[in-house]
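In the two complexes that follow, subunit A is the common piece, with subunit B as its partner first and subunit C second.
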Partner chain A sequence: MSLKSFSDDQLDALQETANIAMGQAGAVLARLLDHYVALSVPRAKPVQAADLAATVSAMLGPSLDLAVTAVRQSFQGRLRGEAISLFGTEGCSELADLLGHESGAGAEQQEELLLDVSNILVGAVLRGLGNQLHTDFAFSAPTLLGQEQGVAAILRRGPVDWVDALLLEVNFRLDPRNFSCHLVLLLPEESIDVLRQALDRMLGDI
Partner chain B sequence: MATPVLVVDDSTMSRKLTMRALPADWNVELHQASGGEEALALCRQIKPRLMLLDLTMPGMDGFEVLEAMGREGLECVVVVISADIQPKAEARVLELGAVAFLPKPVDAGQLARVLRENGLS
Partner chain C sequence: MTRENEQRALLEAVFERINVGVLLLDDANRIVRWNRFMATHSGLEADAVLGRDLFDCFPELPASWLKRKLESVRLLRNYAFTSWEQRPYLFRFQHDRPVTGGVDWMRQDCTLIPISDSTGQVSHVCITVVDVTDASLYQSALQEANTRLEEASVRDGLTGIYNRGHLETRLAEEFARVRRHGGALSVVMFDFDNFKRVNDTHGHQCGDEVLRQVIRRTSSLLRAEDLCGRYGGEEFTLLLPDTPVEQAVRVAERVRAAVEATPIRTRNRELGMTITLGIAGYEENLGSHEQLLDNADKALYRGKREGRNRIALFDHRLDGQG
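Here is the complex of A and B:
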């Protein structure tokens, strides 16, 4: 699979759809944390399971690559796949503070907050995508993939049930705090055709 | 005479959706820019009455376009059409001189109302 199998129009529609979904999720996060959330321009990339760790590491850049905490959720529907939220370690420890918890939240409490935030973001992004693509998703409860480890170590471990996938990445960053979350959506090959058809329907309506 | 209107968005689809949302009976001369720098250059050149501006763009973003317009004293009615729908984004663009902030996907009725309120269309 390559993104060449997407036309320029389809790729543009995909990025714009992701942009709107991300904006909606960003607004939810901003309300939750009572801070302005800076949004990135969404990126789409083809990825092979074997290269996933290297691809994600390159996207995160050197500052985050060394130690992240990752949460995974799968989603099902006409489009299926998995969502991985990656949090920088410094940001993780700020989360309790941002949410107004007493300082020195325990490890267990911090983990729970991360799962909650991931769940809220993934839910909002998928709802935003689903509304625009006219499709519904069900999604699993979030689970912790790894804590304060390198991206390679975290992503190498999880067994994946796909070979080729489309990777969509968006980044939520709190200014001037350290908190940031990279949200990575992985759509395996059979979902890519469904996505392409949904994008064509959208483009056909313009 | 046709009113010069500049549509600024990095997404082709989004520019099309915005142009389609303009009142059908309004006589406009449409110009498009896919980024902030290009938008500013066109703004100086064609002096649009109305700019429909996206916020999240690679390179110079919509906030920076508004700041630069303020610095240069470029006069133009700016309506921001944004996927970033946070109240703080809205407050900031209004402070920078935009007359309205509309969420994406843009609603034709809302846009028509904003244009009427600002003596356009």
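Here is the complex of A and C:
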């Protein structure tokens, strides 16, 4: 699979759709944490299962690559796939602080917090996508994929019953706090066709 | 019955009998639906809870946390979840394993689902409660087994102290830490004097017992952060973090004296034992942790040559000697 199978119009529509959805998620996060949230421009790229860890590593950059905590969650509907949120170690403690949790919070509470924030972000992004593409999602519970490990170690364990996927990525950063979260959405091959049809319908509506 | 009513009755039956707790809350957190699972496990029938505030019915719920969570579901129109791994249960229900369970209350995975009315507004929140007690017990057992395995893989079977592999790993870590952040680190290697004679005269079982007792005595003299490991045969290593050699000398002397002072009592005899100890400290010019270990080993052999039952400090003049 390559993005060449998308027409330029489809790619534009995808980028715009992602911009809006990620922007809405950023706004939700800003409201939740009561801070300004800066967003990177969302990126879409095709990945193969074998290259996933390397691709995500490259996106994170060397500072985050070594120790991240990752939460995964799957979503179902006409489009299905998995979302992975990656938090830096400092980000995890910053988050507890931002949400007014005492620093003495137990490991379970910190984990629950990460799962909650990740769930809210994923929900917001997908609701944004769903609204534009006229589709609805159901969600399974988020789970911790790994804590304070290298990206490669975390993602190697992932399921590998797929070959090609479309990856959508965005970075949320809180200024001036030391918190950032990378959100990665992975759509498996059969969802890519559905996505293309949905983009066409959207383009037809305009 | 019209077809529509028939469908509704079927749905109602499923809702009632499904083996998952389902309840529906209105916009003021009043309970408006309550299925059989919830009634059975809470002991509260539907007519006792319908129309009532959830938190009045269940004062043990974590109210402020759950209210915030319900609010976020309504506000963000988003699913929310709780997992037993972080929060063992929401509702304090008895589980179905009163005998073999070993946990206090039913472990639960819960989902909070926003329900929109015909105008698209989120009017209700549905909570589902899944009993995951069984799965949680399996997972806990698995985790315990993994922890035991991990523990076993770093321990010496005979003495219960750390094995050589783990000792070297920890030494490498400590060495790297001191190299980066500065500080002190000492290594003591010790060996039993004339141990072969014990094995030859009294048998290997007796020899094993001597090793166990001496190690127990040695361990009791160490600080919590010190590490005692079996390097091989009857050769042992003490890893003393944050310890300059002068202090390591005192520790080594204490250990030596304690072994010498009291004979080892086995089932039918008393054996006087002595050990020889070699000491080396971290130095900046050391290339690796192996070199530090090697220095302690050289000191140990000097001690042996000089007559045993003593401590010996590594000396650069020893370098180059075997």
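What to note about this one:
Methods note: the second predicted complex is superposed on the first by the 205 of 206 C-alpha atoms of A that agree within 3 Å, B and C clash if a C-alpha of one lies under 4 Å from a C-alpha of the other, contacts with A are read in each partner's own complex, and residues count from 1 in each chain.
Quick note on the criterion: a contact is a pair of C-beta atoms (placed from the backbone, for glycine too) under 8 Å apart; a residue touches a chain by one contact, two chains touch by 3 or more.
In this text, all values refer to a predicted model and were calculated from it rather than measured experimentally.
Once both complexes are superposed on subunit A, the partners subunit B and subunit C fit side by side without clashing. Of the two partner chains placed by superposition, A:162 touches none, neither subunit B nor subunit C. Ranked by how many residues of subunit A each touches, subunit B and subunit C are led by B.
Touch criterion met: A:141 reaches subunit C, while subunit B stays clear of it. Computed from Cα centres after superposition, the angle at subunit A between subunit B and subunit C reads 150 degrees (steps of 10). In the superposition on chain A, A:172 contacts neither subunit B nor subunit C. Touch criterion met: A:124 reaches subunit C, while subunit B stays clear of it. Once the two complexes are laid over each other on the shared chain, residue contacts for A:6 go to neither subunit B nor subunit C. When both complexes are overlaid on chain A, the residue A:115 reaches subunit C alone and has no touch with subunit B. Minimum Cα-Cα distance between subunit B and subunit C in the superposed model: 14 Å.
Note for the complex: subunit A touches subunit B at residues 8-9, 12-13, 15-16, 19-20, 22-24, 26-27, 30, 36-37, 39-41, 132, 202-203, 206. Partner subunit A is touched in their complex by these residues of subunit C: 69, 72, 76-83, 85-87, 109, 111.
Put simply, subunit A touches subunit C in their complex at residues 28, 32, 108-109, 111-112, 115-116, 119-120, 123-124, 127, 138-139, 141-143.
Residues 10-14, 16-17, 20, 56-58, 82-89, 103-105 of subunit B touch subunit A in their complex.
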